[in-house]
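After this come two complexes, each holding chain A, first together with chain B and then together with chain C.
Entry: the complex of A and B
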């Protein structure tokens, strides 16, 4: 008998993939680090907190409830491992850890639906308590029912900027300002998205309008932000069209879009390609989600940022590919339907990327911390690049320790690549990508022996 | 002083824990990060410069929220539920 397929991640992509495999008569193993299903967008609280689904998930409540319910209904037909980290993948075996205990599972077919995290660039003061990523600010509110401060500034670019600011406003928190790093003219490009995904677009416009109506200042073209405070955020300054701005606040939520969580694809041996849209290397895949490695599929934001609706479609499409490749009957018509939906959503993502652009010319001041784990400044990185003639990011890591810390470069590798590109005058793709290493996240010391064993 | 403030779960059962020896109270459903930042300005001090840190991503990605228990065990505060009797230290993590 063939081993069961493995799905990593129980967000929209992983849930749809699991449902599709079960419908084909397979019994997948589903491993997810979170204690409950839903992924980032449909994340659940640890215990009920009195809020209705609409109170928690807003416009997306119906989708959240549907996915939670349908996944719960799979319970007896899958091997679900919540609260479990996949820390390594090697030779058809996944290494897991849960509550300090380790386990490994052999699998036949692997769907990576690992999602995304906030993309950031260093800002002076971004390590101060009270500064959180936009996603982090949302998790505090959505999953913990807490606000990151009483007077919160929202800084950066991307749809989450307006969404999370609006969610804080609705929760009764004082939203001091929305500081958008993109010029207002970028937003005019949204018009092109009206036919592709009118619902999402109109929701976004509504958030911005309601923020304005509530008197929240929205500034565009924000440059050189600087978060101030002594052991705690107390204000933020910035430049804007030749003027400077300054506001008192006790918290800042900051993000510049999202970046895929792709370490496991790397450990699985998948080839990567540079994505102009995401400004990062993503696993190479065909339209169905097949990676370059036979039997390994990638779906959802972990394979390139496309949003939650696309994640659902991609999860289902990848599962259909696995079913087909296993020689089982699969619905080719449904596969084509999903592919055309994904094509449309990808065009919508192009529009979003143009309307919420990444600030390409971000200048990181020399004394700003670039790598939070190893506490290396941008100036130290520049000095290393100049002294050793570094042109590639793994070399920069070896020389400067950037990306060598506990987060494995999740937070700083994007910034390090931007810096390398700026200093050497090459494109950011030429800076390369940090090689992934097991364990993908810190694991208990008791597992360290296992790790060296696996590495040998 | 506190970083976070609570908007929901005001009536959830309380959970007692200690922070650097001082007795504190959190609520059922809190992560360790939430429970600490409801009381304090930071979670820990950084390894090299000793600056105050309070986490960043709250989703288990940035690893900027590790704290230690008096037993020596280490926890990632944002992804660990608060449990009764935890004795948490916020000092330097090495």
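Entry: the complex of A and C
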């Protein structure tokens, strides 16, 4: 008897993948670190907080409800393990941990739907209490029903900037300003997106319009942001078209788009390619989501940032590929349909990337912390690059300890690669990527091993 | 990079062995080209456990080890950084009375080598190293041993070599070398060719290829020692820890992280890279928690492994080629070359300059692996010494 397939992640991509496998008569194992399904965008509250789904998910409430319900209906037909981290992958085996216990699962077919995390570039003051990533600010609202402050500034680039600012506004928080690092002219590119995904685009415009109507200042072309405060955020300063701006606030939500959580794909041995659009290496995949390793599929934002609707389509498409590769009957027409939807959404992502560009020429000041875990400043990194003649990011890590701390570079490796590229005058792709190793997140030394086999 | 370069010495491999030899040779006025297929120090020399110990080595390695021992405290002078070298002492633990007897026997066997070993009983351990589990029977302490940061030491030697005038070529794999008219021609994958009077083969786990090119096939195998590292913790491990009979080895670095090694990893699809197994890493973690109870709740943040050349008798190959004048071999350190490397670099420099060295290295001659027919023709053919290394499992520490 063949072992069951394993899906890592119960966000939109993982949920759709599970539904598709179940429909084909398989009984997948679904593992997610979070205590409940939904992933990042449709994350559920830790404890009921009295809000309605519409209050929590806004315009996306219907989609959230549908996915939550449909996943709940799968309960008896899948082996669902919430609150469980996949900390390592070896050939055909995944290592899990939950409550300090370790477990391993043999599987046949692996769908990685691990989603994304915020991308940040260090700015002066970014490590002050009161500074949160944009996604973190949203999770606080969604999962805990709490705001990160009373007077919040939103800083960065990307569609989440306006969405989260708007969600805070609706939650009754004082949104002090939206500071967009992209110039206003970039937003004109959005027109090209109207035909590709009019709903998402119009929603975005509505968020901006409502923020404006509520009197929230929106600034474009924001440069050299500087978060100030003594022990806690009290204000933010920036430059803008030759002028300087300054506002008092008690919290800052900051993000420059997202980056895929791809450590498991690396542990699975998947080949990676550089994505110009995401400015990072992403797992190589075909249109169906097959990685370079047979039996391993990647779907959703974990394979390259495409958003929640694309994640649903990609999860279903990857599951169809697994079904086909297993020699079971699959719906080829549906597969083609999903592929063309994904193609359109990818073109939409191109438009979004042009409208919310990453600030390429961002210069990180020498005294700004670059690696938060190891407390290494940008200046120390530059000195190490010069002293040891470094051109490659794993070497930079070796001589500077950047990326060697608790987060193993999840947070800082993007910024370190940007800095290394700047210092050496090469493209960020040439700086390379940090080699990944287990564990994906820290595990206790007293981790106990308990072996279990899961069969169909 | 294409073209042709003429130098006195070409060195294949920019690990610690190659860079320390290069530094020593350049300092004595020779022109040196150092070629590495990747980046200097990115292989075993930069990713090892960081144990700088003499204790536990077989007696025939001790003179070489002592030569290196004298260099370690001088790193700041030699390469400009101290590489976080700490003479913390190396404490080798006994889990049983039999282990303790083996430690006592070792101390007797190496008594003439100046290691100043101190045997410590159970009560002594409880008093001086109370953080070690009471299940440990006793230990042998070598106060002159210690540990250092391999990432910094290897990068430091490479940088110092470059400053001393060594022409360092990274991402430039040597593909072939041939002896021509009293010297050598080296061909690289990128088209650069190097003419040199002498060649040093210190290509680590890849050195067997170059030995074979010289008609000296060796039984080199690759091993992948596994490491885990914790988050930074309060100071606890005051010494570098090893265990009689293998097991784990542990040290705490300046930053506070505890590094623990043991077990063996597996090669990846690209066999130049490797990874610990989950079972191996879990076993290291569990044993660490058992031997050092205060670490039970510490968290491991990363596992890793490295690629190391191992010889069947656990001694390196170090010395002149048996077939090719002008060729020097230095590889196969079998999990224990980090401490030796600075000494090995000097020995290589001696051999280049004079064809000889005062440090006894006969036991490491490549002749011990030559087919018997060849061996009979060489006078040092009997120099292969069976290993007396008491660490049976061959773990580095």
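One rule holds in what follows: the second predicted complex is superposed on the first by the 447 of 456 C-alpha atoms of A that agree within 3 Å, B and C clash if a C-alpha of one lies under 4 Å from a C-alpha of the other, contacts with A are read in each partner's own complex, and residues count from 1 in each chain.
Everything that follows uses one rule, which is that contacts are C-beta pairs under 8 Å (C-beta built on N, C-alpha and C of every residue); 3 or more make two chains touch, one makes a residue touch a chain.
The model shown is predicted, which means the values in this text are computed figures rather than measured ones.
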{"item": "Chain B versus chain C as contact partner of A:104, first or second or both or neither", "value": "second"}
{"item": "Touched partner set for A:156, first chain B, second chain C, both or neither", "value": "neither"}
{"item": "Touched partner set for A:388, first chain B, second chain C, both or neither", "value": "second"}
{"item": "Contacts of A:88 with chain B and chain C, given as first, second, both or neither", "value": "second"}
{"item": "First (chain B), second (chain C), both or neither touched by A:439", "value": "second"}
{"item": "Which of chain B and chain C A:398 touches, first, second, both or neither", "value": "second"}
{"item": "Partner with the higher number of touched chain A residues, chain C or chain B", "value": "B"}
{"item": "Chain B versus chain C as contact partner of A:136, first or second or both or neither", "value": "first"}
{"item": "Touching partner for A:45 - first (chain B), second (chain C), both, neither", "value": "first"}
{"item": "Touched partner set for A:269, first chain B, second chain C, both or neither", "value": "second"}
{"item": "Chain C-contacting residues of chain A that also contact chain B", "value": "374, 405-406, 442"}
{"item": "Chain A residues touching chain C - in the complex, by the definition given at the top", "value": "88, 90, 93, 95, 102, 104, 269, 374, 387-389, 392, 394-395, 398-399, 401, 404-406, 408, 435, 437-439, 442-449"}
{"item": "Of chain A, residues touching chain B in the complex", "value": "33, 35, 40, 45-47, 49-51, 117-118, 127-133, 135-137, 139-141, 144-150, 171-173, 231-232, 251, 261, 372-375, 405-407, 410-411, 441-442"}
{"item": "Contact footprint of chain A on chain C as seen in their complex", "value": "39, 41-42, 46, 151-152, 155, 158-159, 162, 230-232, 255, 268-269, 273, 275-279, 281-282, 285-286, 288-289, 295-304"}
{"item": "Residue ranges of chain B touching chain A (in the complex, touch as defined)", "value": "1, 3-9, 12, 28-31, 34, 37-38, 41-43, 46-49, 51-64, 66, 76, 79, 81"}
